[in-house]
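Both of the next two complexes hold chain A, though its partner changes from chain B to chain C.
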Partner chain A sequence: MKKKNWKRDDLIVRCLADSYLPIALVLGFYVILHGNISPGGGFQGGVLAASGVLLLYLGYGFRGAATAVNMERMHKLEAVGALAYVFFAMLGIFAGYNFCRNILWNSGNIGDLWSAGTISLMNYSVGFKVLTGVGFLLLLIISLLSTGEDHEHDGTIPTTEHEEGGAAK
Partner chain B sequence: MTYEIFKHFPVLAIMCYFVGAFIVTLAGKRRMLRNVVAGAVMLISLSLLLSLVVPVMVDGQIITYWMGNWEPVEGYAIGIAIEVDALSLFFGLLVAIAVALAGFYSFRYITQDDANGPFFTLFLMLSGGVMGIVLSGDLFNIYVMLEVMTFAAVGLTAFRSWNPNAREAAFKYLVVGSIGSTCVLLGTALVYAQCHTLNLAQISAMLPGNMNPTMVFAFAMLFTGFGCKSFMFPFQPIAADAHGAAPSSVSVLISGVFTKTGVYGIIRVSYFLFRTMGLTSMQTLLVFIGCVSMFVCVTMALNQHDFKRLLAFHSISQIGYILTALGLCSALGIAGGLYHAINHTLFKGLLFLTAGAVLYATGTTYLEKLGGLARKMPQTAALFMVGAFSISGIPPFNGFASKWMIYQATYEKAAETGSIGYALVTVVCVVTSVLTLASFIKVGQSVFFGQLPLEYENVKETPLSMRIPMWIMAALCFLTGLFPDLMVEYLLGPATAAVLDTARYIDAAMGAGYAEIVANSTAYLAEPVLVFAGTWDPVSWLLLFVIVMCAVTLVSLAGRRSRGALTLADDAKHATFFGGEEAEFSHVASGDLFWGFKHNLRGYLNFMSRAHSGITNDYVVWGVCAMAVITVYCFIFM
Partner chain C sequence: MKNLIAAISLILVLCLGVYAVVYMQQEIPITYDGRDTDVYALQQDPHDYDLSNPDGVADIIVKENLEKTQAVNNVTAIVFDFRGYDTLGESFVLLIAITGATVILRRARDRWEGGK
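For the complex of A and B:
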């Protein structure tokens, strides 16, 4: 069977990726920020924002996506997001209540963006963790999908260097 | 509340593992930092749980902790609870000890691997997931933690991804483990649809006596799901594949800790949530599954050529003991089962660690290739002997103490019910124990005794940092076997009482008197009677053994009669026609040691060989068949 020759730098696809990328990011961050007052939340918003990685891939190919986003750093930041969640949840214990307790519960009016106290902060941490985590996963899948010949023209081949056994060794 | 500070400890013990896992990710390639963080969180978690022993085990408190202070409103639990009674703490302690020892062992053990960065992240995730399951008081939380645990375990099974066996085993594990998780999720959804709550205490107050067909189905699903996690009978081939491929310190966790969550789940589901354990049909089912797992896996273990696969089958065989004992639904049986659970974690952990030491030193666990390692690794051989004696139930080690209680419990059950079946169960238990000893003779003969192959002339004893955790486990094997009375008083007694006294669990979570108001019928389960009829006394047994040894020696000495020395031809060359030529290397291969046994059981073993085909589809069919059979059984008899 004849191999399909994908032209990654197709102008139309690139223009659409350019115009949809900000929309995806804004929608994602909107859903994360409004997790306490509207449907959605950290997880859903994080996945929406992480889909920006896919748009980058469609428009600019694997190399474009991998140069725009640092995989190693994404991987580390995911752990930071998780630690931030635990920290905000722990604030409940430090304040003399239970784990996950909302200690700023009387801040803001109901319906405001800032009205859920530490629950919002925990939600943002979840959003951050999912954004980085899913983004990293997508990049990993893309890097496995893309065949070697695409990289030949690109020069550098981004590897999964977060594993010690990778090319860094 | 006198112990105000203690109520935070369970949640901190769980979160410690997760925080440690994420910090380890941040540490990246800095090995020292990673080891310090991992070691610290394991020790912190262990000490947090140890400090709970006094309030929970001795004073008999039940710690109920509502996440975010969302306490029950008008008798409905709306928040997520962490509820630690003696049973939860018992399993929690077992988990923390095994995790700490396996973790300290792996610091050195995994230095041989290239990509050891993600190891501790997954390791601590697995530990945190297991800890979350045993300490949680919420059905959906248990499911979430079950998934965390399963995926971490799958990742760790495939940890040596250069090995195609590891990748294949991980895939099988993923598929079959997902069947278990799906069953648990379906059961949880059905329970939520019927009870409108996920809190374990509230469900166990509402559910018993209100069984409708939906709930019977939910019970069958939850039972199969947790059974899959404990690798009970039709699920056992996956365990063997996974253990064979995973690093040894991970096998300790999968065998000693992961399977225990299945056992814990079965206890929670059948003694607490549905309280169906009082039904004779349910007892028969659990005892039957236990006996089949026990016997099938021990005969499979006799046929193994790989050290770790053999241990894996023994692991399921011992889980069979635990399930059998729990299925008896008597205080002695439950205590014996729990005792065997902690003993199994200790001795099987020790055996897996010695297998890891052999792998670390020689690079293989293939029984036919090894031999005579006792000369090169004397301490490892001694540790292996301790583990082998414990698992085969030789006094004074712990396996004997718990097996003794199980035999006694099955026998008492037989006397009580007057059924010949339970007497047969005792026989199966004893026969399995004998076969266990036989297969460990095989391992000892193939690995540590016999002739040392030339290629292992330069093998060295394992490093001290790997031996210390093994010695601690060996010491624990010895101590838990030597003081069964103390074990019963401080650990098993409170845990058994917690299993039988559901009303206290409910009242602790939902407020005093809740169980009486809501529960319609507690008739399913017999009244909690905690009678321990005669545990064993190590001293008198030791005396008995000394006397028997003396008697045997006397008889053999008395029977000695001189028949003259054997006279052979002067040099070995001419004795060829008498004893054959002197071979350069005559190691009895492990496959040949029990050839008579294999020959006589060839019909059964041929069937088992077809059943363990290694094809994922077959294993899935086995699992689905088990699910169908259990569901039909539950619908007929409940």
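For the complex of A and C:
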């Protein structure tokens, strides 16, 4: 048995990645959405959701992750998240108060999902920013990992004939 | 010489331990307890919650925070409202770190586009 095919032939790893990827995404978005009423917040939920990229790589290798995720778009969306944070913080200046003023503070009831005004909006923007930023960082590291001696010259992991989904042409 | 230094430092640590035990016997006011806080009543009606006999700083913090921001999670309210500038700088530090990693690993990025 050749040593270089050990990673792609592991069906157990792929099935576990298939099972855990939706769970990781749902848990990450839950933590981001409930940042103002439960333990957690934007940073933590963003990192949780970005771990889906790593699961995608473990299951489907470099080629599968490359076809599923657009790297350039993630890098641009991170800047969009940062600008959204600055915009929600400058809502206070637009309303005539200082920077980071919570001008929507009494919208909604205490304990609801939409309850804390600009706190939850800034929480969502920071979660989006961390999700895209850490995902981009993981993709960068993965693309560096995928160019060792055990791989093809174009950076893909060698596959066998019965592979589906993300197999090299 | 080595044994002497070891003995002296051991005696010093012992003296510090005895001093700490004596110091802990004093009456030090409790600053953060919150054991007797009625969290449900505090969340239902933070304006009318009785703060005449607080058992620590916890229920004062929670009451003031609920009145001012209406966010149940205190840490999120502090991070995104009271310390908003801090979070802004933190997220831009992350942006700069990712930009630096992109510059250092730009060959890997070229490989990524080639593998597509």
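Going forward, the second predicted complex is superposed on the first by the 140 of 169 C-alpha atoms of A that agree within 3 Å, B and C clash if a C-alpha of one lies under 4 Å from a C-alpha of the other, contacts with A are read in each partner's own complex, and residues count from 1 in each chain.
The definition used in the following text is that a residue touches a chain if its C-beta (ideal position, glycine included) is under 8 Å from a C-beta of that chain, and two chains touch if they have at least 3 such contacts.
These numbers were taken from a predicted model, which means no experiment stands behind them.
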item: Contacts of A:G108 with chain B and chain C, given as first, second, both or neither; value: second
item: Partner chain in contact with A:L83 - chain B first, chain C second, else both or neither; value: first
item: Dominant toucher of chain A (residue count), chain B or chain C; value: C
item: Touched partner set for A:H75, first chain B, second chain C, both or neither; value: both
item: Which superposed partner A:S19 touches (first chain B, second chain C, both, neither); value: neither
item: Chain B versus chain C as contact partner of A:F136, first or second or both or neither; value: second
item: Contacts of A:A66 with chain B and chain C, given as first, second, both or neither; value: second
item: First, second, both or neither for A:F99, with chain B first and chain C second; value: both
item: Doubly contacted residues of chain A, that is, touched by chain B and again by chain C; value: 75, 78-79, 82, 86, 89, 99-100, 102
item: Touching residues (chain side chain B, partner chain A) in the complex; value: 8, 11-12, 15, 18-19, 22-23, 25-26, 28-29, 65-69, 113-118
item: Residues on chain C engaged by chain A in the complex (per definition of touch); value: 43, 46, 66, 68-73, 75-77, 79-81, 84-85, 87-88, 91-92, 94-95, 98, 101-102, 105, 108-109, 111-116
item: Chain C partner contacts - residues on chain A that touch it in the complex; value: 35-41, 62-63, 66-67, 71, 75, 78-79, 81-82, 85-86, 89, 99-100, 102, 105-106, 108, 110-111, 115-120, 122-123, 126, 129-130, 133, 136-137, 139-141, 143-144, 146-147, 154-156
item: List of chain A residues in touch with chain B within their complex; value: 75-76, 78-80, 82-83, 86, 89-90, 92-93, 97-102, 162-166, 169
